[in-house]
């Protein structure tokens, strides 16, 4: 899949501020950033950082002149989902797990998996195969949580979503991550751009470590899996914020434009019981 | 400071299990592991892993034979606190912070700093200097939280401790980490051995990034700072567990023996308003 | 059912204290207190109060002399469950509900029904008849929550139990109350003595307002419904504590002896889909 | 103080619904309802209920015809605060407390006082006199919590407000109630109309049982105490909702008009350390 994506983020800045922006697709073997360009306000310096944990590129922006400022980013990106047979996507024993994967078994700010061991075992423990368990987690969330804005806040965690049964993509992804970790399956939160997301916005889904691959799942079922462009992965939304701001400034407006450049695009909806998909 | 430390951890193992153990001091420029030795049950394999994030060494143990098994570890370790003048321990602007430090500003499972910005600012925001703020955080915790076992559980978080005002070293450290992050000062959780801890056990304290150093603080004020031997640092207790177990097994018993080998040991209590201490 | 019940409660009293004790069966049309007797430490005064809300008798005890003191209570009680056909136990419209019943629709300390409307509707909303819904609530709790001591504390609420899926009779009853209220069915918490409870202790269950009756349910399924002797009802455990203490004193020991005096006792297990039971 | 107050509540009603409305001032010895009048949509029946617990009058409205409907209420009310010398407002021992007051020591949905005993004791326990303690609670809330809308929801409880330090009158009152109960002082939530409240709305404050009186406190300090008209008291907002709705309907709009009819009105701000005020 090939796409041109443009993002505009506008802030009202009252004093010199620092912003950490994660809007750039993360390059992997299966996802190439062909061309990208930032358009920044005058006097704004940008430094690119690479996260130590998780996968993300951070633009550290220094805004010195107050006023209403817009950061724009344009990227040409191409990626190809790897299709993996479900029977290969088995549970990796702790004994064989790479050290870099182990942290994704831990509970985190919005994913308190330590409190859900019994629930996860009783709900999904009877399923034998790990891929089947994760598909059941995804389907359970989709059918038990109402997708609706206006009910959740930046403080909302997976436990809240499990209780109140309403939320947006962030909440669906947190709950997916949490239930998988509670099943002793490493899972991480993933942000990205998504083709056909209405209204256009950033999206969130989750990745699960199965058979040595980080397999992609989206419990919202809102968009084709092959229309996703990965920006960042991390333990949860706390580690993968699109923007973290430091200083006197207020968020004003966001615009995302996703322009598909792939004439033969055939949507992959991720519901196949026989195959998993991966963007590594 | 030089010490010989021995730890015995006993489990009742019902089926082949995997244990991730973090009991080895972490070697830094100021902390040398002179000699160390594991005594493991027969048939138990040990593999040493190095964490990707945080600082810790993990021993991955495969226990194949059920029964009551004891893992013993003996280490000869020497370390020297760096003493740093308080005036150098200033707040590092986000603009200058290394990428590896930024994650320690994020909220985590037991340190929900995103909910405490107003509280931290109103309680500690009037203090001008970052080192002074952290000392005030440490003193506030010490005088407002009762040190007492039996009230908290592995699920207890900093918000619980702030509410209920009772806990053990783990809870004191989580609250310290959380309040610092809410002041936009990077902070991390730290486990270790501690001289004179009664009863002998593992200890927890916290490190704060000031003036380019990870400065050590202990809100319990139970032990001399220079009697600490660092084992692991991480975002919170979720990332620095002494032992994580996978399989059918139950914890039975822990014994820690801390034998000081330093005839001229003079305790440093960490209360100096003019100096900070660091074990990097 | 007829029984003689004896309770001994022992405290270590350090200074003059007040204790509010609710250990006396509450007399209703279907439950008669034939004879009862308190044995109190010397110098202890007892005053009997009747609660304004809920149904309970409170003994207000003034203990003036420090020391280890035991309060004993012996009662001869007889009660008869009313058996009601399920088809009469329908949902009472808000329009027809007595004012005294309305408070049992509100969320309370341990029963945060305001956060469970979606969950309750999606899990039990498809069932047409209110009695059927409550039976499904009872069965769902019984099959999804593990009955096990040592995991919950006096702070544990229905949301915790829904999350962690483990608890004791108090937790089972709180969850039952909460799910019913979330279905707009009035529900209240009920404490009592229970025949065949092992180990002997106070018990908790819940009552639901159906068809104009307070119908009794026990999600633990541990004891026969007709072996229950009601002590108190209220919004939740906060309103129906067996003992509330004020002063310097510590709980030491509890003994409950339930002696059945009914040679022809036939246990009623409360699982009938065609009948409800009531002790009003 | 004498006032004419008019309230209009508008709903979009989709199907026959029941509404429980508590907008009528509660008559006490010191508060007289001189004249009152409801203007209801055609076909709407109103029945007046009196709460069993708490003090409130409930109008049960049956709306049968869908559409946009407005309920209007107009009242002429006169009340006079009782002024009580602080030295009479002492702590009432549990031993002497009326049974009707005891429930206001219990934790409730939004007032989890059972978790704040240590905090309350350490913050306010050094003050000797109960009235002084409650004044300190009121002042502490006022100076530590930011009065600001948009941060809290109907689920927000006193623990959230203590953590996040921001809220509206409802949150201020819940925290006041909770801290008093944690000091073993009975406290209840109180809704009402308030002169000079900007924007005009319902108001919430709290009452504390001192020296045999329910003494009025307002931690927001937004309005004169003698400009309050009491509508309802109860354990917390769960028991004193202005409107509880059952059926398919959405709240649309609220208008409150408070017209002072007292030419010589002198505001009482409730900050006197020597006097308390009471509307019983």
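Each chain carries a letter (A, B, C and D) given by its place in the written order, and its residues are counted from 1.
As a convention for this text, contacts are C-beta pairs under 8 Å (C-beta built on N, C-alpha and C of every residue); 3 or more make two chains touch, one makes a residue touch a chain.
Computed from a prediction, not measured in an experiment: that's the story for all the values here.
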item: Both-way neighbours, i.e. chains that touch subunit D and touch subunit A; value: B, C
item: Result of counting contacting C-beta pairs for A-B and B-D, higher pair; value: A-B
item: Inter-chain centre distance, subunit B versus subunit C - centres from mean C-alpha coordinates, in Å; value: 44
item: Subunit B-subunit D separation of Cα centroids, rounded to whole Å; value: 46
item: Distance from the mean Cα position of subunit B to that of subunit A, given in whole angstrom; value: 30
item: Where subunit B touches two or more other chains, by residue; value: 115
item: Contacting residues of subunit C [partner subunit D, same complex]; value: 18, 20, 49-53, 58, 60, 62, 93-95, 99-100, 102-103, 105-109, 111-112, 114-115, 154-155, 184, 238-239, 244, 246
item: Residues of subunit C touching subunit A in the complex; value: 115-116, 118-119, 122, 144, 146, 159, 162-166
